[in-house]
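The next part holds the structures, each set out as structure tokens.
In the two complexes below, chain A is the common chain; its partner is chain B in one and chain C in the other.
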Partner chain A sequence: MAQHRKRPWTFYVLATFFALFVLFLYGPMLAIYILSFQGPTGGLTFPMNGVSLHWFQALFEQQRTGDFSGSFSRSILLAFLVMICTVTFSVMAGLAFRRRFFGASAIFYMAVASLVMPGLFLSLGIGLIFRVIDMPTNWFSSALGAQLTWSLPFGLLIMFAVLSRFDRSYEEAARDLGATNRQTLQYVVLPILFPGLIAVALFGFTLSYDEFPRTLLTVGPGNTLPLEIYAMTTTVTSPALYALGTVTTVVSFAAIILSLGSIAIIQWRRGGRFRK
Partner chain B sequence: MAQTGGIELANLTKRFGDTLAIDSVSMTVPPGTYCCLLGPSGCGKTTLLRMIAGHDEPTAGDVRIDGQSVLGLPPAERGTAMMFQSYALFPHLTCLDNVAFNLKVRGVAKAARRKQAHEMLDRVQMDGFADRVPAELSGGQQQRIALARSLITNPKVLLLDEPLSALDEFLRLQMRGNLRQMQNEFGITFVHVTHTQMEAIAVADLVVVMDHGQIDQADRARAVYDTPRTTYVARFIGGQNVLSGKVVAVENGAAILDDARGNRFTVPTGDTAPGTGETRYLSIRRDRIEMEKLADPSAARDGTVNSVVGKVWMTEYQGTWVKVNITLPDGEEFVANIDDGRFFANPVHEGDMVLARWPAESVHPLEHRESSFDTSRGGMHT
Partner chain C sequence: MKVPSSVVPYIQVAPLALVLLVFFGIPLVTVVVVSFFDYVNFQTVPAFMFYNYEEVFSSGLTVTLYLTMLKYSVIVWLITLIVGFTVSYFLVFHVRSLLWKIFFFLVCTVPFWTSNIIRMISWIPVLGRNGLVNQTLMGLGLIDEPLDFLLFSDFSVIVAYVHLFTLFMVVTLFNSMARIDPAILEAAVDAGASRWQVITQVVIPLTKTGIALGSIFVVTLVMGDFFVVKIMSGGQSSSAVYAMWNEIAMLQYPSAAASAVILLLVVVLMAAAILRVVDVRKELSG
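Up next, the complex of A and B:
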């Protein structure tokens, strides 16, 4: 069909801006993914010297490329811990904030304030306190706490959005039908909120998985993956680094696809399985 | 077997902060009654329902069901069940699981609760939808599921919060008949909140007209319609012309009133003894009005009592009758509903001057009550 109306000039300005954004977002990443399949004799830059999985293999040879499997499993475990804590406490806090309890807004602002605090200083402070109380910093203690200062406020804000669409008459109906508070939570509130909880879980997981500044000075002897990658950029001079980038991206995408996929399936079931 | 489900409210009061939502309401609903709480939005009818249900606690006063105070009891122990305005069907459960919810939380075994839920679904003719989720159902079907889910608790009292407001006009008429039928079948007390006058009159044994957190009139449907107690009830229920005038004389149990337009009315005094100069209010049903076209509007009215003169500004054909809107000289509206046969035998047109009159025995005295209710908005078209 013929274009009847000429597009305004602002369209072209905004379209150019968006194209640049996409280029900056995906261009470099794409280059890294491609280079990770570099041949065994290839280097850190184009051109490709053959295609192979050589550098993915090299990842698991600890001496040459740093402690990949150690830091990877640490990061995944930590991300799961952060995810579980974030979901548990954000849900409880979110439900609590629906009532105007004494000090509600003070607690809310205190929680959200940690989003604007510089992560590196937070990390420094936590590391310092651990030294003062003479406890060793470790990824499962000090780093877990540091990451929660970041993921909990996020989780809480998402819960607010989720709960704002939650009709309280579901709870009243459950109570009307004889459910106890625990049964109301278990059979009605949590199942209805479940897609929202997956979103909180996804945020908890990914915020932890690629967290850097808060972890830097709290992680203790064993690095998490982002810290390990940062260390590698100065010591590893082979495409194994790119292979690492590809692997971690696959993990992130898997987490996202899993979450969004399960949300979609739940929504589809609630919308009616029998519909075409 | 003596019926159960009688409700007594004693000086029930509810405040929300500084707002007085329910102002010392006392009322009795006999067991097995279909009761409608009727009033404009904000009149407190839903608050009253929620206090009977146990979802709101009163500030003062008592709620008794079958003579026992239920204050402080959770909803399920009151013998009440509530159907929410939005139905509040659990979106993640099938219709069967929704209906079986009460049995599940009471710990009934799966096979037994499914069997009972199927039977209940069958009673509301929804068994074919057992495996569907609520989002797949139409509004009317959702309402039946909500009804089944409430009734499976064996309530003595079913509380319905605007049960028909989510439905379209056609379904509304169908489902209100359905509700009445269910109430007969189960023989329990229904308390139904609505702001639709026709709905209340059509289904209820007992119509409770509310305004400003108070009950204006609680009576049989016909009494509320035919003999409203106050000017507010007459205007809100509709179907009535409300007039007023100052008493000039009292004779033979009737007060003679003159209004500011120069009309003269009679109104039965009943037990009261009105003094001269007092303002009295009265109503006449719109379908009790006789109307004739005035050939010469300027002619003297030769003392015809119980009549008004006005100009027709709109006629509306309603099938079995014609609604004639008449504007009185001071701008007040007066409505005559004329049987279609009589109307078309002697039609009037917009702009005609007419004399509308009524027999003295059709006049009903009213108590005056100020109300925020806007008369131009409400009233049935009958």
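Up next, the complex of A and C:
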């Protein structure tokens, strides 16, 4: 039907605008990925002086560019911790919000406030508390909590969106067939919500992996990767900085492709089964 | 053991509520309390005084800082709104296949899941004196000397902000627009509305909630920004948050806390002003 309708001239104007927007989004990023393969004598801008992996090697020489391997593994571990907590806590909270309970709107507004809170404010507050109770800040304690104040609200909002599309009659059917609450959750609700859970996991992982201001004053003795990158922007003036950018982006893209890919496969298989 | 069903929601919401209480609620209160404390020789001393606030307000620097940040947020808000609206409008009403719609939408959102710092730095080789833009313009013979205003200026700060934050507008506006029944637009056209009238009198009123949510994101993100102004202006200007960071680095926690409270009040006032227009909770649950 719509396929054969002639497109209005505005379509072409808007399509051009959209293409330019995509170029604006990805163009500069592409530039630094290309520049990270700069030859050993190359500089921070084009043209390329040969092609090499020199600057990636430079990353692993600790003295020159700071503690790359340490901060990298710390960031990955922390991101996994945040991801697991975010998925578990937001799914539970999402299920709770389907019913009316005392304090529901207070918790909702706290989550929204936590989302728009300037990150360094929280960082300062958490840092001060750990000072008062005389506990050392560390990435797996204070920084984990600080990052959760950022990822949990996102997780909760995604769960709202996911659950608003969830048909409760599946649950009722399971109960009618004699399933216990636990069985209903395990065999009916969670499998149906699974693509949504992957989306929450993606947010949990990447929001933590790239978090900066909340981590700044709560991370303790060892840096996470974004803090390391920030330090590098002022001290390192070589393409090693771009190499680091390429490496972190590869990790982010791996997470994105893995999660979006599995969501797509699940949806496709479900579509197929329903059609038969 | 059987848990009474009225207790279940409390158990389910407890972990999230506890984390938010301990790592958001208590720190918030702590910062407010400490903002009234005294500090002597880099040591924070409990007290109740307004000196930290007087100090912040009496400094002309604070006013300049906030005016700069306000200027950036208004400009960035306008640009992201126009760009985000146009992009979402195209995706929702002009891209016909659902698959392409989802694909293009993901293309717009993927950068959100990558590092902000790296995305910001990526403008340096593009806008720099020997950067791509200058090289291209000079290669085309349009200019003889590299343009200096491109990098480490207000211009590059705004470009970086727009680059980082437009997707918040795209996501919220796309979400709102996707809920509009296309039949309403057809009805407007049948009733004789021009393209422009359809946008101003039908689409914009129906996407009000999306506009409000996107605006809150963009405005609070710009106001709460830590490093974009600092790095992209080449150290010439600084953000409110960066000023706070300097106080923390000098161990002046009470005065940093006072700056933090003022910043929070400004952000809350801006968000509240936007919320006066729309009930966001209705939008999210509806």
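Operating definition for what follows: the second predicted complex is superposed on the first by the 248 of 276 C-alpha atoms of A that agree within 3 Å, B and C clash if a C-alpha of one lies under 4 Å from a C-alpha of the other, contacts with A are read in each partner's own complex, and residues count from 1 in each chain.
In this section, contacts are C-beta pairs under 8 Å (C-beta built on N, C-alpha and C of every residue); 3 or more make two chains touch, one makes a residue touch a chain.
Quick caveat, the model's predicted, so the values are computed rather than measured.
Once the two complexes are laid over each other on the shared chain, residue contacts for A:M159 go to neither chain B nor chain C. Within the superposed three-chain model, A:Y187 lies in touch with chain B and out of touch with chain C [touch as defined at top].
Contacts of A:V82 after superposition: neither chain B nor chain C is touched. In the superposed model, A:S169 makes contact with chain B only, not with chain C. When the two complexes are overlaid on their common chain A, residue A:V200 makes contact with neither chain B nor chain C. Shared-chain residue A:G178: touches chain B; no touch with chain C.
In the superposed model, A:A240 lies in contact with neither chain B nor chain C.
Touch criterion met: A:L260 reaches chain C, while chain B stays clear of it. Annotation for chain A, partner touching more residues between chain B and chain C: C. The part of chain B that touches chain A in the complex is made up of residues 53, 55, 74-76, 80-82, 84-86, 88, 90-92, 101-102, 104-106, 132-133, 135-136, 149-150, 153. Within the complex, the chain A residues that touch chain B are 167, 169-170, 172-180, 183, 187-188, 191-192, 194, 266, 269-275.
Note for the complex: chain C touches chain A at residues 8-10, 12-13, 15-17, 19-28, 30-31, 34, 83, 86-87, 89-91, 94, 96, 104, 106-108, 110-119, 121-126, 128, 130-132, 135, 163, 166-167, 195, 216-217, 220, 223-224, 226-227, 231, 241, 244-245, 248, 253, 256-257, 260, 263-264, 267, 271, 280-281, 284-285. Contact residues of chain A toward chain C in the complex are 2-3, 7-8, 10-11, 14-15, 17-18, 21-22, 24-29, 31-32, 35, 44-46, 85, 88-90, 92-93, 95-97, 99, 101, 103-105, 107-108, 110-114, 116-122, 124-126, 128-129, 132, 145-146, 148-149, 152, 156-157, 160-161, 164, 202-203, 206, 209-210, 212-213, 216-217, 226, 229-230, 233, 241-242, 244-245, 248-249, 252-253, 255-256, 260.
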